[in-house]
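Look for chain A in each of the two complexes below; its partner is chain B in the first and chain C in the second.
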Partner chain A sequence: MGIVIAVISGKGGVGKTTATANIGLGIALNQKKCVVVDFDIGQRNLDMILGLENRVVYDLVQVMDGEASIKQAIIKSKVSDNLHFLAASQTKDKSVLSSEKVKALVEGLQEEYEYVILDSPAGIESGFEHTIEFADTAIVVVNPEVSSIRDADRAIGILDAKSQKVKDGEEVRKFLIVNRISAEMVQKGEMLNSEDILDILNIKLLGKVPEDKGVIDASNQGKPIILDKKSMAGEAYARIAGRICGQDIAIKDIEHPHTGVFKKLTGMFK
Partner chain B sequence: MFGWLNKKESASIAKDRLTIAIMSDRDNLAEFPFMDELKNEIMEVVKKYVGVKTVEIKKEIEGEIEALSIEIELDKNSRR
Partner chain C sequence: MKNRQYSVKIFETTIEEDEKFKAFFDTNYILFKEHLILINGDMSSDIEAYLKEKKFKYLHNAILPEGRSRHTPARKSIKKNVTGYEYTSLQDEVNALEVENGVNEQIAQAEIQKLKSAMKTLSNKMENNLTVLDSIIRSGRELKIEGDLLLLNRVNSGAMIHTTGNLIITQVVEGALRCDGNFMMITVSPKANIIFNGVIVDNDLLENKLNRIELKEREIFITPVIKKEINWA
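And now, the complex of A and B:
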């Protein structure tokens, strides 16, 4: 059975979909079979970031309603055979989701893939709840900025309340990605550093991603930034994907890039 | 250059403010874990009679009195 990972944020616009695309592709580049699913019904975007928007025929609502099979709806990535994609519906709204349908879909995907990555909608409405309900692990994406962090805390609260794993007396694992870090601002004391954010949210760190103009350039072209091996953000996502795949990769201190301090992080996903 | 002597760094102000705001958010969630269900049920009841867009519930405290204020936004497009 594959691992189900929900990528969540609370607030929109923090780079959640970009994170999902890069994590999915990064896992696939580690030779693991991975499917990324866009759960943002009505606001389909992951297809654009992955450069697959012209290949969408069936969406996940049609799969859940039995109008198409998973096989028919799955789109294969152009850059890695291991990465598959399931698009959100653009025409319907979030109210079409139900627990039973989501459960059946997620279980179907778990049989086929080692990693099932769900890109959740922003906010904490029903669409979000359905995305986290059957997840084993949640990856929370924040920007080092007060509104993003506060909304993330609310999303984590709902995750803890609504997760099926929690209801079954187990624990849903939670990891944080701090996205769009400006080292210069952190050093001047004008931006929260990752350790402070971890303290406030009481959550484990999965990775730090620097602010990188290349991300917009990458999404313009539909080529996730992880493919640009020289980019700062691409390198950060490659490290994150490696950690998810169970490799010991130290957290790089991008907030103080010149001091060369590395922190040890041992196989959190093992 | 010596600005830090008389000006507190904004990142540390952010940390203090967030810590307090989040503690209060968590208290509210802990006190009313049923809030979402309550909202949905109110929505269902009102929907029987008139179209509803959103239901907001807030806790208000004035002196000795604690109250829940319920704000229901109607959906103009679905009058029955």
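And now, the complex of A and C:
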């Protein structure tokens, strides 16, 4: 049985879909079978970021309604054979989802794949609730700003109340990714420190991703940033994917990156 | 025919000096405002005006049935005196009145004791009604607690807690609190919104780490428990 991971954030635009694409590809590059599922019914996005835009034939809703099998609807990534993708429906509304259908789909995918990653829609409505309902693990993506943190806090609260695992008396594991950190702004005290965010949300840290202009270009081109070996954000996602695959990788302190040799040298001449 | 039957507390007294009487009722106003006051013997117009002004319900020289706790010997003798005019001497009357006043005082004391014990049972109830929580109160959660709350975790921005009783929170509060109890022990961030017994507590007053906020006789006292700076000198 594979692990079901829901990627949530509460607030929109913090980089959930980007994180999902990169983590999925990262896991696949670690030679694990992984499927990413776009649960944002009505607003399909993940296909573009993965570079699989015009290859969608059958979508998630058609699979759940029995119009297509999982095998027919799955799209294989061009980059890695281990990464598969299931697209969200463009034409239908999220009201078509129901607990039984979602459960059947998730269980079907769990049998085939080691990692099932569900990209949750923004907000905390029914689409979000269905995404988290059958997840074992949640990855919470936040930006270092108060509104993102409050929405994430609310989303975690709902996760703790509505998840099937919690109803069964178990706990949903929750991990935090702090996305778009600007070291410069943190050092000036203009941006929230990730320690403060962890204090507020009280969940485990999975990784810190720096602000990187390359992310937008990578998304536009449909080549996730993890493929760019020179990119800071790409490296960060590679470390996160490694941690998910069970490797012991230390958290890199990207908030204070200049405490190396160069800084010490400049310090000597002050 | 519509009937209602109920018990009323009666305070029976005899007036010796108008000023003493007034002083006694001024100090014990709260205790006797719900009582029916029975005045035996003479009553001046001054006292009548005073009782009307204070809105006491009173009867003058009325004959009431014997109640469950209304059979002290002194009282009986007084009653006899009032109704039957059987005084043998003035000295007897004075003695009887003294006894009567003593009894009144006893009644007042008993009443105070009763109130005290009622308050004690109330506070015991509050202690039994303590809720202890160890979960983080996340944004969007609204907790309504009947009684006291001890929270061993933080209250995040966007969350709300309302208690009818006392409140102790051991970690930082960033959300909203409504406490209607007698005291709070909290550490707040500048973002928090604290309303204590209907009064907004200014966050600037709570800049120290842990604060004790108490309600004492309609006044709110804020005492920092751990001071920000410790002067070791």
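What we mean here is this: the second predicted complex is superposed on the first by the 259 of 270 C-alpha atoms of A that agree within 3 Å, B and C clash if a C-alpha of one lies under 4 Å from a C-alpha of the other, contacts with A are read in each partner's own complex, and residues count from 1 in each chain.
The working rule: a contact is a pair of C-beta atoms (placed from the backbone, for glycine too) under 8 Å apart; a residue touches a chain by one contact, two chains touch by 3 or more.
Small disclaimer: the values here were computed from a predicted structure and weren't measured.
Peer 1: Record, for the superposition on chain A, whether partners chain B and chain C clash or fit.
Peer 2: They clash: once the shared chain is superposed, the two partners overlap in space.
Peer 1: Counting only touches as set out at the top, which of chain B and chain C does A:153 meet: first, second, both, neither?
Peer 2: Both partners.
Peer 1: Looking at A:193 after the superposition, I want to know if it touches chain B, chain C, both of them or none. Which is it: first, second, both, neither?
Peer 2: The answer is first: A:193 touches chain B but not chain C.
Peer 1: Quick one: classify A:247 as touching chain B (first), chain C (second), both or neither.
Peer 2: neither
Peer 1: Using the touch criterion from the header, give the chain among chain B and chain C with more contacted residues in chain A.
Peer 2: Counted on chain A, the partner with more touching residues turns out to be B.
Peer 1: Of the candidate stretches 6-14, 24-32 or 42-50, which in chain B collides with chain C after aligning the structures?
Peer 2: Comparing the options 6-14, 24-32 or 42-50, the clashing one for chain B against chain C is 24-32.
Peer 1: Same chain A residues contacting chain B and chain C, which ones?
Peer 2: Residues common to the chain A contacts of chain C and of chain B are 146, 149-150, 153-154, 157, 199-200, listed in rising order.
Peer 1: Which chain B residues qualify as touching chain A in the complex?
Peer 2: Residues in contact with chain A: 4, 9-12, 14-15, 17-19, 21-22, 25-26, 29, 33.
Peer 1: Show which residues of chain C lie in contact with chain A when the two form their complex.
Peer 2: Touching chain A from chain C are residues 136, 138-141, 153-154, 156-158, 174.
Peer 1: Residues of chain A touching chain B in their complex?
Peer 2: 146, 149-150, 153-154, 157, 161, 186, 188-193, 196, 199-201
Peer 1: Would you pull the chain A residues touching chain C in the complex into a rising list?
Peer 2: 146, 149-151, 153-154, 156-158, 160, 199-200, 202
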